[in-house]
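Take this structure, written in structure tokens, and hold onto it; I'll ask about it next.
A, B, C, D, E, F and G label the chains in the order they appear, each numbered from 1.
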Amino acid sequence: MLKPLGDRVVVKMCEAEETTKSGIILSSGSKEKPQIAEVIAVGPGGKVDGENVEMQVKKGDKVVLNKYAGTEIKYEGEDYIIVKQSDILALAE
Amino acid sequence: MLKPLGDRVVVKMCEAEETTKSGIILSSGSKEKPQIAEVIAVGPGGKVDGENVEMQVKKGDKVVLNKYAGTEIKYEGEDYIIVKQSDILALAE
Amino acid sequence: MLKPLGDRVVVKMCEAEETTKSGIILSSGSKEKPQIAEVIAVGPGGKVDGENVEMQVKKGDKVVLNKYAGTEIKYEGEDYIIVKQSDILALAE
Amino acid sequence: MLKPLGDRVVVKMCEAEETTKSGIILSSGSKEKPQIAEVIAVGPGGKVDGENVEMQVKKGDKVVLNKYAGTEIKYEGEDYIIVKQSDILALAE
Amino acid sequence: MLKPLGDRVVVKMCEAEETTKSGIILSSGSKEKPQIAEVIAVGPGGKVDGENVEMQVKKGDKVVLNKYAGTEIKYEGEDYIIVKQSDILALAE
Amino acid sequence: MLKPLGDRVVVKMCEAEETTKSGIILSSGSKEKPQIAEVIAVGPGGKVDGENVEMQVKKGDKVVLNKYAGTEIKYEGEDYIIVKQSDILALAE
Amino acid sequence: MLKPLGDRVVVKMCEAEETTKSGIILSSGSKEKPQIAEVIAVGPGGKVDGENVEMQVKKGDKVVLNKYAGTEIKYEGEDYIIVKQSDILALAE
């Protein structure tokens, strides 16, 4: 089982949804396509980079995040993405 | 329904308005064309990056934002953009 | 009407003035030509990026700003530029 | 023996696991593949860059980190990686 | 008349002085040649980027600044440069 | 004799040790090989960049640092490297 | 006479010393060769970028700094370099 540290969140992508080809230009200059994921595990939050972070998502939430945010990991045969909560844009309800 | 986190705002672009071709050079070096959008949903604000953010826009507001600010998302057949409130330049009344 | 948020200011450029061709190299490496603009609308200031910003310009002020600072917008047939107050270098009286 | 300073952690990689080829694009633009490591030694934490860091991993923990995070070192014939705790994404239990 | 805002200073370059060709490499990677200027007007200082700035130069001071620091402006037929006080390296007495 | 300022440490490299060719990619994108050095002199610490730094290494310590961290200097016929304490990854005991 | 502002220091290079060709790679990626200089004038210190800086060098000190740190200036026929105290690595005694 994966237990994220700090303000990190383990998510599992839902099947890719159709998206308008986006010409998004982020400050980092990187292109990215948004997508929906399900929250699998949530870190404890608390002090992160000197700030007190309160976790605002919970296991089972559907969330919108940027496709390339975070780090992909295959663990026990499953594919997950570990993101910081700040990479989660919105809840999809 | 989309519920933005933190200081994020979900907007829906109004039809593109005529704009002077702009040779804007931002500090990030990226070109961008401003445009008008309507606010669909507003995050709770509160602590964001260690700062207390008070939301200053509300559902239904017409706002000026930078065309490429934020992240495009197609959700339930509709196109939205999720931006941070700091990417909203002005209210258009 | 445009109501800027935070520490933003809506200005209207005055006719371009003659300027020495400048070889200015800013930290961002971007070249820019200064120019004079008139203040049309001023944001409320207050907390911006965690700092309390007090607005120091008012409607009608003539100000010096960098040509490419901020974002151009055509609104109700008029061309404006929305800048942060920190992009205003000086008052021209 | 290696005694990490501050918020650093000495880890030993576990054998490479199969991973989905990932097209991760991080803000730094660098590609990286996640992997599992075992914690060998943990720094004292405390003031790091002006923030008080509490160590959340302990000797023997299995952790997920980014393959290229930190610095490889061969010491007394063994290969280690020294990472900052903030480069540890999750505990793998 | 130009009234600089915040920690800005309006200066007028003195005639270029001979300088050793310098191979200076600044953190920004930009080359620059130092030069002497006369202070024409000084901003009020006070809160700038959340810091309280006290102005340490006054009208008439001769100062050393970096040639390309700040922004050139021609105003009422005169050439000026508007710099932040932090771009002033030293007083030349 | 060299007396480092602030949080700097003067070290003398031990003979290069064998290292696995490392494909380390740091956030700065720069490659570096770790190595062992002996501490020759330690700065007083104290306020550095507004943070209070307590020195955690002492003369004679063997430390792990990044090969290219800091600045090489030949002084009185000897080669030294001056690093900030934060460039010291671990004590090697 | 040059009176540096804030945490700046005016130095005069001593004759170049022999140095090992260094392959130093700094975080800024810029190459630099260390060298010895003599302190000619020292700024008052005090609030610099919101931090209270106490000057730790005095007129006549021999210091180690990075060759390309700071700004070269020819003043009254002499060559000087103006550096921030933080660019001074060590005292050479």
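Keep this in mind: a residue touches a chain if its C-beta (ideal position, glycine included) is under 8 Å from a C-beta of that chain, and two chains touch if they have at least 3 such contacts.
Just so it is clear, the structure is predicted and the values come from calculations on it, not from any experiment.
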Separation of subunit E from subunit C in steps, with touching chains one step apart: 1
If a chain touches subunit B and subunit G alike, it appears here: none
Rotation angle superposing subunit A onto its copy subunit E by C-alpha atoms, nearest 5 degrees: 155
Intercentroid distance (Cα basis), subunit G paired with subunit F, Å: 20
Centroid spacing, where centroids are CA-atom means, of subunit A and subunit C in whole angstrom: 37
Separation of subunit C from subunit D, taking each centre as the mean of its C-alpha atoms, in whole Å: 46
Junction residues of subunit D - those touching two or more other chains: 32, 49-50
Going round from subunit D, first to subunit F: chain order: D, F, G, E, C, B, A
Sites on subunit A touched by subunit D in the complex: 1-6, 8, 10, 28, 30, 32, 41, 43, 47, 49-50, 68, 70-75, 79, 82
Touch list for subunit G against partner subunit F, complex: 17-20, 22-27, 29, 32, 34, 50-54, 56-57, 64, 66, 85-86, 88-93
